[in-house]
Amino acid sequence: MTKRIEDFTVTGNRFINKDIFLLELQAEGKLADLKPGQFVQVRVDGSPETFLRRPLSIHDADFERNTIKLLVQLAGKGTETLSRLQTGRKLNLIYPLGNSFTIPEQDEKILLIGGGCGVAPLLFLGKHLKSLGHSPEILLGFRNRERMIEYDEYMSIGPVSLATEDGSVGEKGFVTQHSLLAGKRFNRIYCCGPDRMMKAVAQYAFANGISCEVSLENLMACGFGACLCCVVDTVDGNQCTCIDGPVFNINKLKWQNSESA
Amino acid sequence: MAELGISIGSLSFKNPVITASGTFGNGSEFDDFFDVSRLGGIVLKGTTLEPREGNSYPRMAETASGMLNSVGLQNKGIDYFEKNIYPRVSSYNTNVIVNVNGSYVEDYVALAERINKLDRIPAIELNISCPNVKTGGMAFGTNPETAREVIRKVRAVYSRVLIVKLSPNVTDITQFARISEEEGADSVSLINTLLGMAIDAAAMKPSLSTVTGGLSGPAVKPVALRMVWQAANAVKIPVIGMGGIRTVNDAIEFFLAGATAVQIGTASLIEPGTSVDILEGIGEYLDSKGFGSISEIIGYINRKQERTI
Amino acid sequence: MAELGISIGSLSFKNPVITASGTFGNGSEFDDFFDVSRLGGIVLKGTTLEPREGNSYPRMAETASGMLNSVGLQNKGIDYFEKNIYPRVSSYNTNVIVNVNGSYVEDYVALAERINKLDRIPAIELNISCPNVKTGGMAFGTNPETAREVIRKVRAVYSRVLIVKLSPNVTDITQFARISEEEGADSVSLINTLLGMAIDAAAMKPSLSTVTGGLSGPAVKPVALRMVWQAANAVKIPVIGMGGIRTVNDAIEFFLAGATAVQIGTASLIEPGTSVDILEGIGEYLDSKGFGSISEIIGYINRKQERTI
Amino acid sequence: MTKRIEDFTVTGNRFINKDIFLLELQAEGKLADLKPGQFVQVRVDGSPETFLRRPLSIHDADFERNTIKLLVQLAGKGTETLSRLQTGRKLNLIYPLGNSFTIPEQDEKILLIGGGCGVAPLLFLGKHLKSLGHSPEILLGFRNRERMIEYDEYMSIGPVSLATEDGSVGEKGFVTQHSLLAGKRFNRIYCCGPDRMMKAVAQYAFANGISCEVSLENLMACGFGACLCCVVDTVDGNQCTCIDGPVFNINKLKWQNSESA
């Protein structure tokens, strides 16, 4: 998968809730080969505070139309500047970056768990799994009903369970408290969301011997392995989130009993 | 087309654009973006005798027009280098330079001896200025006596081109440039990162696991340029300038101030093609100004001052 | 509302926000923008015994997230100050501090003696760190012996609050902080500007008439913060932090690192109201975090480290 | 004249030749009291290279509509960013700054000399002089016909003479070579343009004992007297272009015999 540096054209940009917006980008020519779990490094022009590029997961990709989608949460100046990008403007990306989720060869009972904006890479993954004949279930956690996003999109992939902190939709509580996990046995979990949630899900997976991959969001400078800034402490020592990840099997991470870390 | 070739000691560079250690991986990270062999040289990431894990995460913080890092020389050690990296970088048709680090003088010497045997490594950059390690590193480069000792002892065992990388965290940079020259270094390169710090005000804790780290990027350029100018006026050996170079004009400033070559660091992390873009831009600049070779602009502002005095 | 008052030596400040010398004129330049008396203090522009014309134009160059200046202490001298500036600034209801400069130790001493007689000037900031003058200035602040001498001699004649302004262009900032403390200074303020340089690549000449100048602005903040943290951990006298402060969070970082007060410099040139905006922001920050007074966050990251060790 | 910091709204922005554009700005409320020769300090948002504000002369002011115009030449990133400002966007100004041209009390034979984008402050000055009953003449110099701007505007003030370097319109040569200066006697000259041109005009004024004011464009950091960066060497020592100027009588400047400086 050759990395490229390319200008994309903004073909859509809209807020889907108070804090999260969806950017649709059109490649100039043919989209590079992409896999679920990979990310792009976006150059944010016109934001003096944003010196480095910003890493964003590939939320969806359409190889017919040569478009990708990014699901972005307002975090600071960089994302704020992106949120104001108008249709027709160019956006410079380095892509595709990072490894990708491991796709099972046989039929397995698969669960995708996402929290907040961490659902970003899971849509592309879910669609991909479905296209390969898998039947993943989906468990999403949000703060409340207002924060819920893209429910319909995930429904088109498979059955969706919901957890909200205030119980305004779905079950009340965190995803790890959801009855789905008590009731059903899964063979494989893919998880992306806040650190604390991923660590809680990892504990569940460890305890139940379930294969589990998580997607990390460490601070990055380059995104392609040149600077060694983005390391995570693994059983094989410090590894780069940008090239050895962002997807890691929890067995690689030193997360055993680290829920409260 | 203007002539871009330069020499550092006995080593010829087809052009004066080199990538800076720690910001260019081991070269291959850039293979997708351009032909690395087009560059005058590349400096590989900081290497030590033994493998090192570096510092804990977080090791990076963004700052105004710059960044702090406290990577702390993570690398797999010289054995791994010889076996796995050396064969691959040997295929580049450019000067491949190893950035040499250690905690004790003996480490530096042992490492230099090992690299002296590697035919395809024509030069080392002796890093006595890393701010991100507890022992060694910057401690060598901010103390005249220890700087002298490590340079002398490495010079004794290393027969190829020896470049000493200086720390900017000193009162008088010319002192360290002169010591390098006196001890037989072929060149000095500067600047390494400025010791800096950032705090996350919301979380009320330091942004880096190590509290302090090294500042790089356009923010430091004025300091870097000043030090390169001072060093170039203090020694006769060639000076390799770096610190915040992002555009052709930035690079030209360093040549005008007296640098014989430039290194591109942080900019490559954001725009991987910066080094080749600058390489092309230097040629255009020289042509547009009617200069026949890069040597005509090296130290231009100093010569011009002499002329008008 | 959190308590914002602090003390430097025997002097009370109603809040810890002070404007930095050379970037706030003599205060009146800001009268149109806000009520200067709201600030904890103001430091007037660098003053000398005799009038000075400063350096030739150009004296300023913009850099990445910063600027270089080589104003060179242009001022009308102490006689003019006493007659024309002192009466006017005396009407401000805030601590008015004079930034004291000289070419020789005797100049500093003579000037301090004169200002000691001015009742409405409760403190001086002894500037041993100006990089833009040929004699004196930074030369004092980068040499431990001369630094000690000038502080000692000024302390002998000056009975009010003595703040020593340190140069960042040194290998070890703590050495100069300690010397200041040993010689009886009430406080150190830092950083003055970093010595830097810029070249106009198109014109092929230095951007400043003086070639080098002082770098300030957000670009230097990481270096400033590191030095303030080091100094605050090295001495018991209060440290006044500055260098690149532009936002409330910037200011908070300095308090967390150990600064008792902050000075706002370059930012006031771009947004004249920066100092009062930051003043308001500090109150909001403390309130939102549930702190009752500014003193609770001064040096917070150091205390926190001790706790976890 | 109290200085203010205010957001203006962009009500017009268009290029009037290849390099020069005209910005029209609307004050929120009533425009501050302004005099010809004064300038504004513009904050250029969204340009990482532009750390300081940018000084620009007040090209025209309309106290009925509470608008001002800025005539801007593309010079670098700051002006380029301004040139792309869309109608409706805000622009933050500190204004009014600097001194102003001295307005004669009696009837005098007045000549305004402008070169290139240096004509900027002269339009406001010319209109003001005319409104006070003066009858100024105007002499403008441009590189060539394509560079000529706002001829009609100046025609509405008084007779306009032109000089172009290539003779494509008006007389061929520099303004100081124009036959107008050889033929007529003026009592007072106001001049703004490239340094070299102002120095040449100053020589002419010195030689003919004509009162002459020029408007300087030194590099500025603050623009309101706080930093002392913008000095010009005068007979009274270093003075600030931003508060003691930008308008200086040539007798104050050390320009005697300095044409080639």
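Note that the chains take the letters A, B, C and D in the order they are written out, and that residue 1 is the start of every chain.
Just so it is clear, a residue touches a chain if its C-beta (ideal position, glycine included) is under 8 Å from a C-beta of that chain, and two chains touch if they have at least 3 such contacts.
A quick note: this is a predicted structure, and the numbers were derived from the prediction, not measured.
The chains touching subunit B as well as subunit C do not exist; no chain touches both.
Spacing of subunit C relative to subunit D, judged by their CA centroids, is 37 angstrom.
Centroids built from CA atoms put subunit D at 47 Å from subunit B. Centroids built from CA atoms put subunit D at 55 Å from subunit A.
Within subunit D, contacts with two or more other chains are made by residues 48. Chain contacts: subunit C has residues 63-66, 217 touching two or more partner chains. Taken as a graph of touching chains, this assembly forms a single closed ring in which every chain touches exactly two others. Taken pair by pair, the chains that touch are A-B, A-D, B-C, C-D. Remark: subunit B residues 22-25, 29-30, 32-33, 45, 53-54, 56-67, 69, 71, 74, 217, 266, 268-273 touch subunit A in the complex.
Residue ranges on subunit A touching subunit B, taken from their complex, read 2-5, 43, 48-53, 94, 218-222, 224-233, 237-238. Partner subunit D is touched in their complex by these residues of subunit A: 46-48. On subunit C, the positions that touch subunit B within their shared complex are 63-66, 68, 142, 169-171, 194-199, 201-202, 204-206, 211-212, 215, 217-223, 225-226, 229, 244, 248-249, 252-253, 256-257, 285, 289, 297, 300-301, 304.
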